[in-house]
Structure formats: structure tokens, C-alpha cells
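Paired with chain B in one complex and with chain C in the other, chain A is shared by the two complexes that follow.
The block that comes next holds the complex of A and B.
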């Protein structure tokens, strides 16, 4: 293993081509992953920001907040289900507002319970705005007017609360209902009616059992989702995830192919010296570990180069670019690239095992 | 067998470093069968240098490979340093090569990106030996007249210096038997004689046995005894 590390240190040029190719792939993996995370974050912030264990929608809504209606009667039945705690109402309406002279898509989200992201609902006519609106020119103390609706006064900003790439104004349920009536009359809901309920699961209860119990208690009038299921049910998120995941897995396979071809070539070139090392007592395991160490080090250096290029983009990404580079994504990428390095290195294993130490000495006669 | 190898350190020196008794090696089978060694018997005393001479294809390399645990015989018995390796497993033979024998190959084959000293130390690294490795490597390099070249990589050494480093590598594990595969074939006569002189000196000084394959009859006087091999058969009384 020390021999392998010495070779890396003393002959870095030998590994330059493979490192460069893997660095490009690492950059691509981080960029694609960052885009996926950015898109997902921009689509699902409103669900995640509430930090609830589950969401109750009407069955006919087919998991869409916009189509869903939950009546006070249904709410009462949900509240009575054992294991359910702190039931709250939620509603969401999209509209358009002129901000700094530009028409901007803005949503209004009505809620009842705060979280670590959302403060308790503001007073009627007031809103907490998503921070993206601050970048668009909205200020605390100023107001935002959606269409013909009564202007809503901004009293603060909240982070990562967007839904379907639209920035939201977080208001209390009465303000949401009145604004909806003014900008989307066809979506108007009556007093006490909400689009969805949010709830927590009481200690000692299980989310799977509770969601089933809620739907049973409402006689099938509701479709109850865990928080994770609600995130995945967000329109476009599942297909977006599968497409990006497919591209990322394909890129990892290409990385494994690059490693395998490069080290297969190197191993072929090293057959005579490996023969000598085996003759003087080296085992196939020791030699193969050397190959693995080199493939891992090359991959780590390539990853570091890719990260060094992508990180500034994450810091200074324009607000229109849905890009988010999380620590989780960095770990996933380095894990994926490491696995590709091991997989690629494994291709050389058979050749290393097959090297005959007897070949090191003369012609075998 | 590894236990026996471990016990070697404390065991008294055997009369013979190598005993090959009635060794036969056959390659292939049926119509393609080739007999490389036939009833070969060779005894090498523990401080003896034996030159092995024979034409191409006579079985010299096969004999050296069997003595070094690189090949196993089809039949017969092979005992090196008192250890019977006739039917040792590949894993046991690997351990045997780490501790009991040293090799000097025809084409030298030093690790090109390691310095002369590191090429010696690699033997201990492979075997997982720690402790006085650097001290022993430096002493060997000094003894071989290579102290000033210890930090040079093979590319910066002359052919003779590379061969001397290879000899140092073969002695690094303090072997019972060193096997030389035509160590002078890539050198001119003068350098070849210097290398053979060195082999003669180092082996005798350490009391280590050696088998040297050579085509060059001018080099055989550096050996204590010369054994001829033709068509897989050794001289009588070998």
C-alpha cells in the first residue's frame, strides 16, 4: 500500500488523465445533484417548513392541495383519532403581484401553527414573506398586492418556504380566505373550510397506523399522507427525482468505467513488476489493495477539484437558478464516487490474481 | 508450514540449504506433454555457491523456480533450509518466499519509482517486518558500495549499480538461499565479473547458499561448484 502511495506522490503525471476525467464527472455529479436539490427545495419548502408529521387532504383531491377541501366535520373526526395531536388548517392559493414594477408569481399560504421555520401566524392583513421576495425588492414594513386583493403588509421573512418554485406569503387562515376570494373567486372556500389539515403523531403512536386510522375514521373521505409522502406527492417532484437520479447513476457508471479502464491499463503495464513483487513474497491481496488505494485517492482528488469548481457557484448562484449544494449531497457524491472507484478497481482484481510469480524468472524452462 | 518457517529463526543451520531429490516437472499432458526436469537431484550446502549451466530449454529456470517456491514439482521432494515445500499451498509458498529465499532476476526489475534504499525496504514492507529495516538496508547498501546512491531511483543508476541493488534486495530478508537468474547477462564482461565477484564475496561473508544460472562459462570460477543440466537432467553427483 505504501508503494502505491509513493507512486502517486512521485509520478502524479501518470494519474493526470484519469484524475482530470473523474474531476469533470465529479463536477457534473455535484452540479446535477445541486440542481436536483435546488429544484426539490423550491418545490416542497411549504410542506417541509410546517414541520408536521402528516397532512390530511380530501380523497377527491388526488393529493393536490389546490383541489382539496376539508370541512369542519371531517376535522372533528380527525381530531378524535387516537394518536393524532395538534390538528391545524392549511390553505394555498397562487396569484401574481407587481414587485418593483415586475409581475411576479406569488402564493398565499394560510396556516394555523408555527414551527422552527415559521413564526406563529401574523395578524390579519400581515404576512411573513419568503426570503426570495426580499431579493426581488420586498421590504419589511412594505406591502405586496396580489391582483385586486387588499395589500398585505410584510412583517418579516422566512427561509426555504417556496412551493412549486413560487415564493409564498405566509398569512393567517382568515387572510388567506379573503385573499383567495379576491384573486381566485372560483377557489373560494367557506368559513372554517381549509384545503388540508396538518397534524402531529402523539408519542408512542406510529405514523403508518395513524394515517390509516384517520382515513378509516373519515370513512374514506380523506387521503392522509406522512410528511415524506406529502413532499413526494408535490407535482413534478417524483418524476424530477427519477430523471435526475437516472442521470446521476449513469454518470457514476461512467466514472466506474473510467476507473476500470485506466487501472486495467495500468495493471497490464505493471504485470512484470507485479510478477517480481509476487516472487519476493507479495500477495495478490497486497497488490490489489494498492490498486484500490490509488483508485480511491485519484477519485478523492478528482472530487475535491469538482467541489472547488462547484462551491463558488453554490455561494453565488443567481436567484433564478434553483441550485442548492448541501452537506448531504456532498457526502452522497463522494460516497458514489468512492463506490465507483472500488467498482472500477475491482476489474483489475482478476488480472492481479492471474499474474504468475514464476513468470518473473526466465522463460519457464 | 508457516509455523515451521517462524521456527526457522531459532533452529540450527542445516547442512544443506537446498535439497532437490528426484524432482520431475512436466508441463502439459498427452501429446503436448513436455518434461522440463527429469529425476533431478541437487544438494546445495548451506554456504555453497553452485553455478548451473545448460543450454536454452534445458530446465535451468524450472529448477530455479522450484527451488524458490515459484513452481511446485510434479513429483520428487524439495527441502529448503530444512523445510519441505514439496506440497506447500500457494499461500504457504508466498510466506516461504518472504522469509527463506532471495531472488535476483535476469532483467533486474527494480520498482522504478522507488529509491535504491526503498527497493530494499520493500521486502520488509511486503513481509510486514518492522524495526531495524532501514538500518539493515543502509548496511547492505554500504556493503554493496551503494551508500552514495541510496536515494537515487533506478533510472539514475548504471546497469551494474541496478544489479547490485537487486542483490541487496535479495539479501534483505536474510535468506537461506539466494537464486540468481543469469545476473550478468545484461552486463559487459568487466561489469559481469565485478558483479560475480560481489556475489562471491557477499554470499561467503554471510554464509548464504546460492544457485546461479549462467550461460557464461567465464563466470563459473566464482562458484564453488558447477552443475550442468541438459534436457532436464543434471550431472551425476550433483
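The block that comes next holds the complex of A and C.
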């Protein structure tokens, strides 16, 4: 293993091209992962920020808030289901506002119950705005006007609360209804009507049983989702995940092939040296460990280069680019690349084992 | 005589290249597999991009109006647009407009005879993009694959690509809630929008569906106006005239409305970045492989040079190997692409031979550049005199 590390130190140029190819792949993996995380975060923030155990939508809405409509009668039935606690209303409307002279996509979210992310609903005509709007130029005390609607006064900012990449203004339900009436008359809802209900599960009950009980209590008029299911039901999230995962896995396969290709050649080149090393007592295991160590070191350096290139993007991603690099994603990527390096290194195993020290000393291989 | 010697040299070069590939099957197979996977990734993402773009905006391209007028604050997003009916007459009066109409686009839930029979309750309902226009006027599809255009409020046009979901000619579609039953009388290709089948129907039917879904809502408003330029007026000219004449609207040609839709622009940029990075990996991988290969056989090549082999012969042998590796990789990539297109056909992933050929060409050029930067330079630099100092040629 010492020899392997010494070779890396003394002849780094020899590993340069493989490191460069892997660095591009690492960059690609981090970029894809960050993009996927950014897209998912920007699409689902509004659901996660409420920190509720479940969401109730009308069945015909196909899990879309915009197509859902829950009446007070349905709400009363949901509230009466054993195991359901603290039922609240929720509604969402998308529009556009001129911020600093630029048309910006902004949504209005009406809610009834606060969380660790969302303070309790503000007074009528006021809103907590997503922090992205602060970057766009909105200030506390200022106001945002969606189309012809009455301007909404901003009283604070909240983090990670976007939905389908739209920054939201979090308002109370009455303000949401009145704003919707003004900017989307065709989506107007009557008093007491909401698009969805949110709820918590009482201690001792479980979410699977409660969701089934709610749908049974409403006679199939509702489709109740756990919080995780509601996140996954967000339009585009599931297909985004499967497409990006397929690309990431294939990229990891390519990385494994690049490593295997490179170390297969390197092993070929070293056959005489390995023969000599075996003749003086080195085992196949030791020699193979050396190959693995080199492949791991090359992968780690390549990963570090990829991370160094991607990191500035993660720190100051342009507001139009949905990019978020989480620690989790970094660990997944380095784990994937490390596994690819080990897999790639394994290709050299057979050749290392087959080396005959006697033949090597005799000058042939 | 010259032709004979040239063809003899070519055969010799080909023999040299093939012999080496046969002897080192594993390493060339590995490289072909790596190139194959890279080409597959590029092909897959290109077709995914083309497929996604069609899935996002296919219906915009399929409708017959050459100019669409959206609200300016919608920034090109059709579903996010809402124009005032008060502006319709003003837009229609712009010089060069030969015909105009209104369009309402929105997401709805539908069911078909097939979906309602599904054992899984979650699959009994489907998402659809509903397009309401004035029957007989602008805003309907340009062409039909089968059937006729709707003339009654209970008749609709559907895409051809969703037969498995029950969207067949003559079958019934129900808009949920409200039990509004409609019959498919005509179908056309790529009638999709927002990754949902687009159903074209009368304005009045959409108004009924909207009221059934939300009785509190006001009457539906147009999401866009649709215009047709008169003789001698190009769509671009009409766009300029409308944008100059009517405030708070954004007129777009059909092509621009499709290609510059916000989701299309961001998806195209992302995929292009990924594809370019992959191309760079092709260049590095091929360059790396052939450089190492050349480095390993430098002594053999030096002896060959000392025996009279020209640099050009050795370089040609190398280039033949590059071509063969890329071709083998591309064949593998096409097979993989054909395989994944079976389950992913619904999102537009297909094996397009023209695109595969173009990608193979680009990859070949990149592989040749990668090889030229490393291996070829090394071969050209070989000094035959150095052979006298060699202790023996190793393979």
C-alpha cells in the first residue's frame, strides 16, 4: 500500500488524465444531484413547511391543490374521524407580481396553522414572504401586488416554502380568498371553502389507518395523503426523480468503466514489477490493495475537484437555477464514486492474481 | 501501380489495427463499453429532451393559429396567462389580422371507459389539459390523423398516443367532477401539453366543466388570443404590430410560444449542459485510452519505425481502431436506447436513427481529437534511431 501511495506522490502526472475524466464525471454527478435536489426543494417546500402529518384533497383533483375543493361539510366529517387532530384549511393560487420592475412568478398560500417554519397566519392583508422574494428586492414593511389585486404588506420572511418553483406569500385564508377572486376569478372559492385540509395524527394513532378512515368517512369524496405522499404527489417530482436517478446511475457506471479501464492498463504495464514484488514476498492481496488504494485516491481527488467547481454554484446559484447541494447529496455522490472506483479496481484483480513471479523474473509475462 | 501499393498499404494498416484489437479483446471491449455507455447517455438525454419538449408544448405546435397573444406578466407561460376579453376587439383590429379567436387552457381531471374499469382506484382518473376554442374558428389542431373536427359541444379532439388510457376514436371521455360526457370524434399526433393529453373542445364545454368543478368561480376568461396573419403579412410582422398596439400583452409566433415557453427554455439549458459535459468525458476517455495504449507499445512502435514503417501507417492503424471502437460503442448504445425506449415511450424516449448517426459522428470527431492530442502526437514523435538503444521490444 505504501508503494501505491508513493507512486501517486512521485508520478502524479501518470494519473492526471484518469483524474480529469473522473473529475468531469464527479462534477456531472454533483451537478445532476444538486439540480435534482434544487428542483425537488423548490417544488415541494410549501408542503414540507407546514409540517403536518397529512393532507386531504378532493378525489377528483388527482392530488392537485389547484383542482381540489373541500367544503365545510367534508371538513366536519374529517374532524370527526378518530385519530385526527387539529384540522386546518389550505389554499394556493399562482399569479405574477412586478418586483423591482421585473415580472416575477409569485403565489399566494392561505393557511390556518403555523409550524416551526411558518409563524401563525398574519393579519388580513399581510403576508410572510419566501426568502427568494427578499433576494428579488422585496423588503419587510413593503408590499407586493399581484396583478390587479389589493397590495399585500410583507411582515417577515420564511425559508424553503416554494411550490413548483414559485415563491409564495403566506397569508390567512380570507386574504387568500380575496386575492384569488381578484387575480384568478375563475378559481374563486366561496367562504369556508378551501382547496385542501391539513391535519395531525393524534398520539397512539397511525397515519395509514387515519388516512383510510378519513376517505371512508367522506364516502370516497376525498383522497387523503400522508405528508411524504403529498410531497411525492407534487406534479413532476416522481418523474423527475426517476429520470435523474437513471442518468446518475448510468454516469456512475461510466465512472466505474473509466476506473477499470485505467487500472487494467496500469496493471498490464506493471506486470513485470508485480512479478518481482511477488517473488520477494508480496502477496496478490497486498498488490491488489495497492490498486484499490490508488483507484480510491484518484476518485477522492476527482471528487474534490468536482466539488470545488460546483461549490460556488451551490453558494450563489442564480435565482433562475434550481440548484441545492446538500450534505446528504455530497455523501451519496462520494459513496457512489467510491463504489465505482472499487468496482473498477476489481477488474484488475484477476490479472494481479494470475501473475507468475517465476515468469516475471525470467523476463517474460 | 500506385493504386496497388496504396491499397496494399491500406490492407496492411487494417491488418495491423485488427490484429491488435483481436489480441487485446478485453481492453478494447471495455473501451467500447465505456464509449457505448457515454453515447447511450447522450442519445437518451437528447431523446428525453425532444420527448419532454413535445410533452410540454406539443399542443401549441399542433394548433392552427400562427400567432398567440398572452398576458405580458405570464412571461410566455400559457397556463399562467390570462387576457381580458375587452382586449379581443383591439387585438382583432390590428392591421394584418385576417382571423382571430380566444383560447382557454387549463388542467382538468377526466376518466375514460378504460380508466374507470381499472382495478386500482388511483388509476381510474386521469389528468388532462383541456383546450377550449370557438368551434369552426381558430385554435383547433392544424391536421387530423383520423376522424373529423368537432361541431357540437359534446364532441372533442384527442391525441393518438393515449389509446391504452382509453382515448380512442368514438370512445367517451368524462370530465370530473360534473359527469360531463364527451365523445372523441377526431384525433391528432403530439396533442399533449404539460405532460398531459390535450383535449380540444368547444369554449362552452370548458365553461360548463369549470363551473361544475367550482360553482363559486366566475366565468372563464381566455388564457390567450389566437391570430392568423392576412396575405402578405408574416407572423413576425403581426407579432410586432400587436405588441406595439396593445399594452400588457405579449404576442408570440407559434414557434416562439413553443420554443420559448419557460419550462422548455430551462429544460433545454440543463440538458445541453449535461450533454456537453458528457462529450468532454468522451474526449478525455478516448484520449486517455489510446495514449496509455501507445505508451505501452512505444518500444514496439519504435522497432516498427526502424524497420521502415511510416508514422502515417501507424497513425492510420490507430485511427482505424478509434473508428471501430466508436462504431462498436454506438451500436451498443443504440441497443440500450432501443431497450429503454420500450418502457419510456410514453415520455417520448425513442431510438431515432438520424439522431444516433449524428451523435456517433460528433463522438467520433471528439474521440479523434482526444486521440490526436495524446496518442498521435506521441507516435509522430517516435525516433526510429532510438530502436538501437532498446534492449528488446515488449508488447
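One rule holds for everything that comes next: the second predicted complex is superposed on the first by the 359 of 365 C-alpha atoms of A that agree within 3 Å, B and C clash if a C-alpha of one lies under 4 Å from a C-alpha of the other, contacts with A are read in each partner's own complex, and residues count from 1 in each chain.
The rule is simple: a contact is a pair of C-beta atoms (placed from the backbone, for glycine too) under 8 Å apart; a residue touches a chain by one contact, two chains touch by 3 or more.
Model, not experiment: these values are computed from the prediction.
Is A:25 touching the first partner chain B, the second partner chain C, both, or neither of them?
second
Mind working out whether A:237 is in touch with chain B, chain C, both or neither, as first, second, both or neither?
neither
Of the two partner chains, chain B (first) and chain C (second), which one does A:155 touch, if any: first, second, both, or neither?
In the superposition, A:155 touches no partner, neither chain B nor chain C.
Quick one: classify A:7 as touching chain B (first), chain C (second), both or neither.
After superposition on chain A, A:7 lies in contact with chain B alone.
State whether A:342 touches chain B only (first), chain C only (second), both chains, or neither.
It touches nothing on chain B or chain C.
For A:250, using the defined touch cut-off, is the partner it touches chain B, chain C, both, or neither? Pick first, second, both or neither.
In the superposed model, A:250 contacts chain C only, not chain B.
What is the contact status of A:279 with respect to chain B (first) and chain C (second): first, second, both, or neither?
first
May I ask you to name which of chain B and chain C touches more residues of chain A?
In the superposed model, C touches more residues of chain A.
For a test of understanding, state which residues of chain A touch chain B in their complex under the given definition.
2-3, 6-7, 10-11, 272-273, 275-283, 286, 357-358, 360-365
In their complex, what parts of chain C are in touch with chain A?
26-27, 30-31, 33-34, 37-38, 40-41, 44-45, 48, 72-75, 77, 80, 82, 107-109, 125-127, 176-177, 195, 210, 213-221, 266, 270, 273-274, 277-278, 280-281, 284-285, 287-289, 291-293, 295-296, 340, 347, 374
Given the complex with chain C, which residues does chain A contribute to the contact?
17-18, 20-21, 24-25, 27-28, 31-32, 35, 58-62, 64, 66-67, 69, 94, 96, 98, 103, 105, 147, 181, 184-190, 193, 236, 239, 243, 246-247, 250-251, 253-254, 257-258, 260-262, 264-266, 268-269, 320, 347
State the interface residues of chain B toward chain A in the complex, per the touch definition above.
Residue list for chain B touching chain A: 27, 36, 56-62, 64-65, 68, 70-71, 91, 94-95, 97-99, 102-103, 105-107, 109, 111-114, 118, 122-123, 125-127, 153, 169, 173, 179, 181-182, 213.
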